[in-house]
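Sending over a structure as structure tokens; questions will come in a sec.
Labels A, B, C, D, E and F are assigned to the chains in the order they are written; within every chain, residues are numbered from 1.
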Amino acid sequence: MAVFDVRGIVDELGSLRDAWRDSQHRPRAPHAREFPSRTVLGHVVEQIKGALFPMRLGPEDLRHDGENLYVGYTLNCALQSLFTQAQLELRYQARHDEPDPAAIERRARDAVDSFAAALPGVRRLLDQDVLAAYQGDPAATSVDEVLLCYPGILALIHYRLAHLLYLAGLRLLPRIVTEIAHSQTGIDIHPGAQIGASCFIDHGTGVVIGETARLGNGVRIYQAVTLGAKHFPEDAEGNLKKGLLRHPIVEDDVVIYAGATILGRVTLGKGAVIGGNVWVTEDVAPGAALSQASLRSAPRHE
Amino acid sequence: MAVFDVRGIVDELGSLRDAWRDSQHRPRAPHAREFPSRTVLGHVVEQIKGALFPMRLGPEDLRHDGENLYVGYTLNCALQSLFTQAQLELRYQARHDEPDPAAIERRARDAVDSFAAALPGVRRLLDQDVLAAYQGDPAATSVDEVLLCYPGILALIHYRLAHLLYLAGLRLLPRIVTEIAHSQTGIDIHPGAQIGASCFIDHGTGVVIGETARLGNGVRIYQAVTLGAKHFPEDAEGNLKKGLLRHPIVEDDVVIYAGATILGRVTLGKGAVIGGNVWVTEDVAPGAALSQASLRSAPRHE
Amino acid sequence: MAVFDVRGIVDELGSLRDAWRDSQHRPRAPHAREFPSRTVLGHVVEQIKGALFPMRLGPEDLRHDGENLYVGYTLNCALQSLFTQAQLELRYQARHDEPDPAAIERRARDAVDSFAAALPGVRRLLDQDVLAAYQGDPAATSVDEVLLCYPGILALIHYRLAHLLYLAGLRLLPRIVTEIAHSQTGIDIHPGAQIGASCFIDHGTGVVIGETARLGNGVRIYQAVTLGAKHFPEDAEGNLKKGLLRHPIVEDDVVIYAGATILGRVTLGKGAVIGGNVWVTEDVAPGAALSQASLRSAPRHE
Amino acid sequence: MAVFDVRGIVDELGSLRDAWRDSQHRPRAPHAREFPSRTVLGHVVEQIKGALFPMRLGPEDLRHDGENLYVGYTLNCALQSLFTQAQLELRYQARHDEPDPAAIERRARDAVDSFAAALPGVRRLLDQDVLAAYQGDPAATSVDEVLLCYPGILALIHYRLAHLLYLAGLRLLPRIVTEIAHSQTGIDIHPGAQIGASCFIDHGTGVVIGETARLGNGVRIYQAVTLGAKHFPEDAEGNLKKGLLRHPIVEDDVVIYAGATILGRVTLGKGAVIGGNVWVTEDVAPGAALSQASLRSAPRHE
Amino acid sequence: MAVFDVRGIVDELGSLRDAWRDSQHRPRAPHAREFPSRTVLGHVVEQIKGALFPMRLGPEDLRHDGENLYVGYTLNCALQSLFTQAQLELRYQARHDEPDPAAIERRARDAVDSFAAALPGVRRLLDQDVLAAYQGDPAATSVDEVLLCYPGILALIHYRLAHLLYLAGLRLLPRIVTEIAHSQTGIDIHPGAQIGASCFIDHGTGVVIGETARLGNGVRIYQAVTLGAKHFPEDAEGNLKKGLLRHPIVEDDVVIYAGATILGRVTLGKGAVIGGNVWVTEDVAPGAALSQASLRSAPRHE
Amino acid sequence: MAVFDVRGIVDELGSLRDAWRDSQHRPRAPHAREFPSRTVLGHVVEQIKGALFPMRLGPEDLRHDGENLYVGYTLNCALQSLFTQAQLELRYQARHDEPDPAAIERRARDAVDSFAAALPGVRRLLDQDVLAAYQGDPAATSVDEVLLCYPGILALIHYRLAHLLYLAGLRLLPRIVTEIAHSQTGIDIHPGAQIGASCFIDHGTGVVIGETARLGNGVRIYQAVTLGAKHFPEDAEGNLKKGLLRHPIVEDDVVIYAGATILGRVTLGKGAVIGGNVWVTEDVAPGAALSQASLRSAPRHE
């Protein structure tokens, strides 16, 4: 029978927590967690998904005649939870100031209101995303297969919801929402990115779309594509400048094949086709077709 | 205290659902879900995995003397669930025709019968997959580590079961089964692909194997390898032609290193070795060794 | 009503199990499972994560004044579970010898003791990893966002715990721990790898770090980077030699961009920068910057 | 290690099942369960209780503004489940005849319709029951304490719902509903009993109210009171006659103290008071007060 | 396919709720539940039981060396939950006044403080209860059987905890705690009752002990015993007078056999023995033995 | 924010545990729980109930063709669990001696073997119990209603299984099994009692049947009936004598109405009828009918 004495370790871990909190200028006073919950947010997203597509992503025994009752009740619950989580994040954002509870509650309510009002628009976009996938993949046998099985659709649902939260000034909540999808699909879309209608991400594992990327309508992207930043300028104190426009602009109807890497604030012109594994750090003209072969051969024609 | 009025949103979402259903030629009449369930299928796969490897993937308190009882009972449950799900898919497939319940039940029963009969063959193949991984990876310390920890094995188990369903004429069910594995492993194998014995997929994240790919025995594949299609011909109405043979043939004992991309109906000859990050759109001779270096240097020898 | 007769399949599967066990020289005598449990280990890791970061990864209703009580109780539970699992693995390791229960218990106790004693050190390293990510990513808005949302941190937590188990002579347990993270993040770090302080893995999907890789402090790695082995020498009987030093050495402050592949026992010198999608099989000098462009252009300057 | 061979026992139990089914004239043909589910019904009752008292017995995070949405959605779910269960019972009732599925569905729908339409009336009655308990028990501190804590109220809720099902021609379903309450409270009210408004059952353990009992308004009953049958006449074949009026009539405002036993079709007149442990098998005049003492002394005055 | 239109019922139920709330002088303004939770309290009681008897009622895998860690952590959690619930009740108690949050929080804290401080005393009393049962029942084979299996002990644990809450001025919380035990055991002890040490309630079903009952040490009680009130005086407005001393005093070492009913503020003298089914409404002398026979025969000797 | 300091209470509770263990002569050495688990036993009983009545008490989706597979697998699991629990109890029984693990394992195996072999006999008895209830209650509408809803049947199932364990020399396990039923039904049957075939306990709340009671076939019992002991002789040291025959003998076809109390080793002769609330401490002749009236009148004829 083994006995493990944990007292010393408990004390040591406690000292490390104190040191960390001091380094982060946090009070040691008694406090509760007061932090958004990944579990709760995951549940909220599931509820919203059910409200958007009740007969496909809602409860399995739902029937047509109960749809509106389900949607209404579920939205009511989900928005209340979201309201609570939004207040937690806003209080956290304001942790170094004097937080004004009334102002925080007002901002949270505004965030939830604008989120809710935009949901029909999200459903409209997602319907177009589903159609784009169905039309763009010869292996797709029905729109329902796309909605139920395609990881790209799952990632877009989470992204489109998270983007609404991002627009409402939240940062942690939308990030948690997209990371849940990232974990399930391997597709990492930052909530700040802007993505137009009829987007199709096929297979998707390894796709990365950065915070300031901007995608038009009808863009098609395959697995392992990166829309990233090239370098990170620092400010005078040597800290990274945050918020700079540093990711690509992808115009309508661009296709980017697997493994391509597009870095920096470059523009892929309307209808351009980027071949697999290609490395792009400069603008690409509308309609141009870029492939490893063309890149390799190009210099030889110089 | 915030009150969110969801009535307008509920109505708007309802109109969008009606519009979508109209566009998909679906009836608005009262109906139940009648659609295969990802949750149920996930459970069926877990049961089948337990039945195939009872002392490793079955219940943790299972004992040797109870194996056959467990396998028998679990198969009985799993096949019944599968039978129900198969009927749901077949009814969905026939949704635009007059569905004949008796014919659907008969087809579902045939599908489950053939699935069940092929399970011992699947176990035999998986045993060889496990051995291939154990022998092919210097980091593997035992066959049980391979079975329990290697994502490539998980992906192959799901694929091999899904392929049986695909052969039985089902499309949604097998796709759901492989997507469950895709989500857990980052390995995306289409159920229609044909994969021989002793297959080893190492690390695996980002691997994509297309619907009409055909792999011989003893193939070894590393992370981020794509066996994809090059382009998608359209028919007269501009719709993608479905079902064309458009993915690679990989003969016995081929090795494909990380990040390689093989596109189109090309053949990698027996024993060929494809280097990491290499881009291949043409046949490769048996025994040939292709690497970025060789590709880059090749033109220089022209 | 369909009836599926499973008796024949049950028998056939039973024969296959017997054949497999014979081929693996396992006894057919009655036995219980006696094998480490992925479920239990997953729970242990969640407990340890809670003990390391109680107010962020512990129970959501935990309060400051209960931290030490929670940490003490949780560690006590987790270490006991780990002790049981360690015995199971050690018994499995010794399955072909005469196992000495007392020796196995002693070794398991030593393993858990050293694991527990190293936990404060792990917390210290993880604090530095979090800071490295916060300072290295312009999109990061707070250290808590990093801890809660960044898959790279999740992968490092699992890796750093697994590495402790690996150092204690365990193999299956640490592998299960890192595979749990691999499944959730797409980041595949072998427990045997050595990783210094302030490591930052961004996005992370597709990253592979091999068993004998050695990373210094302040290393930054992006998605789809491979630190792998080049080839696998065989011994006289044609079996792979296990345990050879076959993965890269990455010195302090190296940055490796997305998709780069570094193979073999090469050294990336201090402060080197490896560009995206670059393929490296030779040493890189300290401070050097390697990119596809530089590689492609280089020969042209020959 | 112990091995228990269950094969003989399995066979023996199988033979016993066959024998039982033969004795009950049941077919041995393949069949599914097709029987109402106590678990499902228990859930339905919880849902209906939530719909009747949303802010007290509904979900704990429900808010005032979501009441109607919750009630609507919950009723919709509960009535659908009840409809399924009602069909199962009606099919069971008709198991010895040729069952007509359409007729059964129609009867089930009528049963659920009448059940649903009567729910507001049930709420009205229960409000009066709560008030009666609050006014009748000096220990009650609020109406909410009564609703939440008094077993008599729980038993009446279940009874009043079960009685609706009984009136709709169901027998198993209502019995299951009252037995759930019996198990939790020790109060055994047959669904066939008729109970007026403002009923108060205090403490309640051991109370039995028979199928044909009829209680007026304002009746108060204490623990261990039996309103039972005196004897059971048999028909010509020696079987008990079912359906005879064999339990007491209790008129308005009667009080029956703990342990009293009232047997047979006797009438307790309006306002009568029955003392504790008293045994009554004859009518009691309105306003009369019966106690052990009075009974014992009575004969002495003969 | 049946469609049940619930709209009319939802509206009707809504009107009934409004009517009830008006009758109870409750505001219709938006509000949350704000009411103690039976589920939470049930969990708190389980935690406290585990803290009192860790190796018997705590988690099954607890080990001796982890007892204090478990007790400390569990108490910490349980007291916090209780603190929240106490505030909810106190706010409810003050619902007709202007509630002062600070005063309520202070009162709740005092309640929890006094509850916690009294826990060792409760353990001491329960140890004596267990011994009393073991010594008083020839069927008891060990003290552990008593603790684990005897419903009387379960009822006393709940009562002794609830009584602490009652002494702290709470009413709903303790009532919920005893009702949980009532539901499981059929033993209904009001939290206000006073019960001395070494109490033994055997079998217990149907036992009722009223709010103002007072029991000495060493009292033994069998099933279906009532210690109740005889009648309920009303005040000038016809409401029941609350709080009167109306239940029996039972002195040390009294034994009360099954089914006996003791009503009113009578005293059973030290060591008295009350026979089964006996009806008592007057004082009983110390040491007296009362049985049905003695009662029946008594008058005949008049 | 309230902080509750639990350290003092933890210490005090620790001292009380030490004192108790000393008083019970228990070692303070490190130890694990090593005690039978009520949770596990409850699960075992549910499994056995499913194995006895698969299509009624087994899983709801079980089908006829899977019965034997289910019964076999479930028995296998249940018997293994029971074997473990039996060893725990036997080790506990031997806690004051030198426990011999091999002897304990052998005794546990014998206990489980005899338990398993007797299961078909239990099913046979229970079928007769069900018929007896169906034939004896005019309110019963089917044998399935009896099996599913009648608390008397539930109590008898638990009793008949517990009695097998009692006969095998176990004490704690059977007691736990009957207490689970006691809690759900209010019927308290000691596992040591002997009960013949075709027993019917109606309503049941408050029934108590003591350890050495012996009931013949066809006995019918109503709620609140006690078959108890009259007094408890002590041995020379003043401890209760355990194991004496102290409860009634009830011969075939006796009927005992609600609330009757039969105390001591008296015999109720074949076919006797005991009226409600009657108090019996002497033998009753075969065929005799005893009622309160007859008892009261009897003395008057003296």
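By our rule, a residue touches a chain if its C-beta (ideal position, glycine included) is under 8 Å from a C-beta of that chain, and two chains touch if they have at least 3 such contacts.
Since this is a predicted model, take the numbers as computed values, not measurements.
Comparing each option in B-F, D-F or A-E with A-C by residue number, the pair that reproduces over half of the contacts is D-F. In this assembly, the chain whose C-alpha centre lies farthest from chain D is C. Remark: chain C and chain E have CA centroids separated by 53 Å (rounded to whole angstrom). Chain E has its Cα centroid 26 Å from the Cα centroid of chain D.
Each of residues 1, 3-4, 6, 30-32, 61, 63, 65, 69, 72, 76, 80, 186, 205-206, 224, 259, 277, 296 in chain F touches at least two other chains. Interface residues of chain C facing chain B in the complex, by the touch rule stated above, are 2, 4, 6-7, 9-14, 16-17, 20, 24, 28-33, 35, 37-39, 92, 171-172, 175-176, 179, 182-183, 186, 188, 190, 192, 205-206, 208, 210-211, 224, 226, 228-229, 232, 239-244, 246, 259, 261, 263, 277, 279, 296, 299. Those residues of chain E that touch chain F in the complex are listed here as 51-52, 54-56, 60-65, 67-68, 71-72, 75-76, 79-80, 83, 105, 108-109, 112-113, 116-117, 119-120, 123-124, 127, 135-139, 141-145, 148-151, 184-186, 203, 205-206, 222-224, 258-259, 276-277, 292, 296-297, 300. Within the complex, the chain C residues that touch chain E are 61, 63, 65-66, 69-70, 72-74, 76-77, 80. Residues 1, 3-4, 6, 63, 65, 69 of chain E are the ones touching chain A in the complex.
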